[in-house]
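By letter and in written order, the chains are A, B, C and D; residue numbering begins at 1 in each of them.
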Amino acid sequence: MIAEVFDSPDDAVSEIAEGATILVGGFVSAGTPSNLILALKRSGQTDLTAVANNIGLGDLLDELCEDRQLARVIATFAIRASGGRKSRFESLYHAGEVELELVPQGTLIERLRAGGAGLGGVLTRTGLGTMMQDGKQVLELDGERWLLERPLRGDVALIKAWRADRLGNLQYRLAGRNFNPVMASAADLVIAEVEEIVEPGEIPADQVGTPALYVDRIVQCEPIPVRWEG
Amino acid sequence: MPGASPPAGLSRELIALRAARELEPGSVVNLGIGLPTLVAGFVEPTDQILFQAENGILGYAGISESDFDPDLINAGGQPVDLVAGASFFDTADSFAMIRGGHIEAAVLGGLQVSAQGDLANWYVPARGGGSVGGAMDLAVGARKLIVAMAHVTREGAPRIVEVSDYPLTAERCVDVIITDLAVIDVTKFGLALRETAPGVSVAEIVGRTGAKLDTSGPLSEMSL
Amino acid sequence: MIAEVFDSPDDAVSEIAEGATILVGGFVSAGTPSNLILALKRSGQTDLTAVANNIGLGDLLDELCEDRQLARVIATFAIRASGGRKSRFESLYHAGEVELELVPQGTLIERLRAGGAGLGGVLTRTGLGTMMQDGKQVLELDGERWLLERPLRGDVALIKAWRADRLGNLQYRLAGRNFNPVMASAADLVIAEVEEIVEPGEIPADQVGTPALYVDRIVQCEPIPVRWEG
Amino acid sequence: MPGASPPAGLSRELIALRAARELEPGSVVNLGIGLPTLVAGFVEPTDQILFQAENGILGYAGISESDFDPDLINAGGQPVDLVAGASFFDTADSFAMIRGGHIEAAVLGGLQVSAQGDLANWYVPARGGGSVGGAMDLAVGARKLIVAMAHVTREGAPRIVEVSDYPLTAERCVDVIITDLAVIDVTKFGLALRETAPGVSVAEIVGRTGAKLDTSGPLSEMSL
């Protein structure tokens, strides 16, 4: 259960299998594991399903579309409603070369949380009476209608934190948490990119954002800043 | 009269200013991407409004003028400053706030609003796709939903319609519509005109609205 | 939404109505709002439902049984399986003078979380094939059986934190969080007992355990230590 | 032979010691209230076992000998020390860990265990009630469930039975039973005796066990 420290992001992602489902933490520029994403690109692995908040918003996840490594994307932001330069993903999507499952953000995080927390699903009002209801079970309880949303898990989670200790505890900075802590709970193999690795105890116990038991691999990398210009 | 040249309505900034006036002092407010993000620039610190960003911030203070920190952005990816007393949390906790009814008001953009307050704001059929983000959760969770949008499309077609022909964000969720031409309340009896933009007539607003609009209530010109 | 600062716990709880459902944070001695509980005792309010992890484990919640203020308790620990001195609650319970709904701890916190997070319920395996299943809906999905657990909310939450700022942000210490953050999300009126009140900004943004929007009333009190001797 | 004087089995401390030997180095372990809390005293720091307390601690290090801090207790209310690299979290996150299968092993007390591994450990019919705490979540969530208990009741009745007549904690959840007399594995074929306590015969164990017990496998005396 002690996390393993890797020397390079390429080594850390080297065992990701063809066809794997990859949870990718981050929200646009915040808490995004860009080094791990680029390592996954270099690995050349294909037929992947990526689960992420966004693709094509300045994020490097869009780079995985260059060599068509993604078969399927589950995301909340993927196709812009307004104009502007198309992302690689959008071009592939419109060409029918990648599948998209668009999920409301609050539903995506609850499905992931259910996957990590051993729950069989949650009931939400979000999506009732919309396209998101298609193919899903609706329960009527005490006169109220609820959409049943099922758990979502990954084979691998790629996450980003500020610091890790050698046990695998992670500390986030500012708004860098977003999807990372929940995704760390919902995958079989959790790989964390961090800016610094410290000794156990250096991250105060009440400032641990992801407890060590969730983290399998850590790799220290210079963060790659990304920015969405809208 | 879709197709006619539009009357000189409010700029995007003035729509945002008018939307800001709709917010209660001391309340917690979420601003959608696009025009709504401008709203943060039009509240006074003395209003003690706490802006929530669904990516995990309570208490950001408008767009930052200083260096860009990739870990300190709002839901539109823009750098923000913090107020004293801000807090950070993860996405699960953020949407617990939103879905759980803890956000007093949300200001979202819109593509269409229907007579019964259905909102469509995430999917453009002509583009063959869309991005939902946190819009559906905000639409069902925010206690008051303000839609800020242009009254008509670029082609002059009404965005306020009897029944939306766009994929919905949520049914019966909109409380107030603020456009370049008008402030319209969604009531249980339908749409009611509350305010007109300076220099815009009631007839012009009715003409550019694709749903029945009650103009019999107390009416005033927007004060900006 | 700015929290109101009260001078005494008695003033802070003075508007709690007869018959109210009260969520009470804390786990035995940790993060337990003992001053607020004693103030509720002094208020003499009756016919209350208390939702708490434990009653009668050295906690002062048991004091509300002295004058039969509790009509009903929803808890995880209430009747000890082994011997020892009976709590006031146990005596009342065996005399049929108070109702008890025993709930597994992980189910109790998920029901409260659902109540605070606007979810209609969650599916759990916990309790399947046990007494906890009685009267509840079981869903079979993809060949697996799940128990549907519905949300739980309170009229009032009494919680305990280490520090508050004047906006209402709360910071916890050590294992003092337990039920407090979730209960703060699941009640109409949230009253927090704290050891110190500071200015906004003095609690670092990444160390806020309960964001200000959840907290209605804060009162500074000398903590009353309690201890369970088993 | 219920009612006969029991053989001299292990003390509570030795049961805890034997249970500690069942834990994998580097694993995450939750200890139930009562006898199981003693287990923390029998692991070596070099084993790097992280103890999880369901009230919100990962990485506590046994019962504290120093001053009592009311905010630093295990699930039994006892003061604990921390290891370097410990962390705190709330109850929702704690049970996400437990229910989500992130705890490698739990050691719980037991009132009865059945031949198919059903556990009853929270409700004593004779006392007309019980306390469930986190036991049901641990029983369904821990990847390996070790029950540490006396082999028979104070009255000499077997606690290991064909079918439990106590209200259950969970069905088919127990992997290993460690008692003052024996270590017994719960397999898909039923109960299998693995180890005997020093000085206790197989016949004595079979005689005090209320369910069919396979004694044909490799058997050894516990090394303590």
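Couple of notes before you dig in:
The definition used in the following text is that contacts are C-beta pairs under 8 Å (C-beta built on N, C-alpha and C of every residue); 3 or more make two chains touch, one makes a residue touch a chain.
Not measured: the values here are computed from a predicted model.
Taking the definition of touch as given, a chain qualifies here only if it contacts chain A and chain B alike; those chains are C. Comparing the chain pairs A-D and C-D, the larger number of C-beta pairs in contact belongs to C-D.
Put simply, the C-alpha centre of chain A and that of chain D have 37 angstrom between them.
Annotation: 28 Å between the Cα-based centres of chain C and chain D. Spacing of chain B relative to chain D, judged by their CA centroids, is 56 angstrom.
Inter-chain spacing, taken between the CA centroids of chain A and chain C, is 33 Å. Each of residues 88-89, 95, 98-99, 140-141 in chain B touches at least two other chains. For chain A, residues touching at least two other chains, in rising order: 110, 113, 118-119, 124-125, 172-174, 205-206.
Taken as a graph of touching chains, this assembly fits none of the simple shapes: it is neither a line, a ring, a star nor a complete graph. Touching chain pairs in this entry, ordered by label, are A-B, A-C, A-D, B-C, C-D. Note for the complex: chain D touches chain A at residues 26-28, 48, 50, 52, 58-59, 82-89, 95-104, 140-141.
Every residue of chain C that touches chain D in the complex is listed here, in rising order: 27-32, 53-54, 57-58, 76-82, 90, 93-94, 100, 102-107, 109-110, 113, 124-132, 162, 172-182, 209, 223, 225-228, 230. Of all residues in chain B, those touching chain A in their complex are 34, 53-57, 68-73, 75-77, 88-92, 95, 98-99, 111, 121-124, 127-137, 140-141, 167-171. For chain A in complex with chain C, the residues that touch the partner chain are 110, 114, 118-125, 139, 141, 144, 146, 150, 172-174, 205-207. Put simply, chain C touches chain B in their complex at residues 1-2, 113, 116-119, 165-167, 169, 185, 199-201, 203, 205-206, 208, 211-214.
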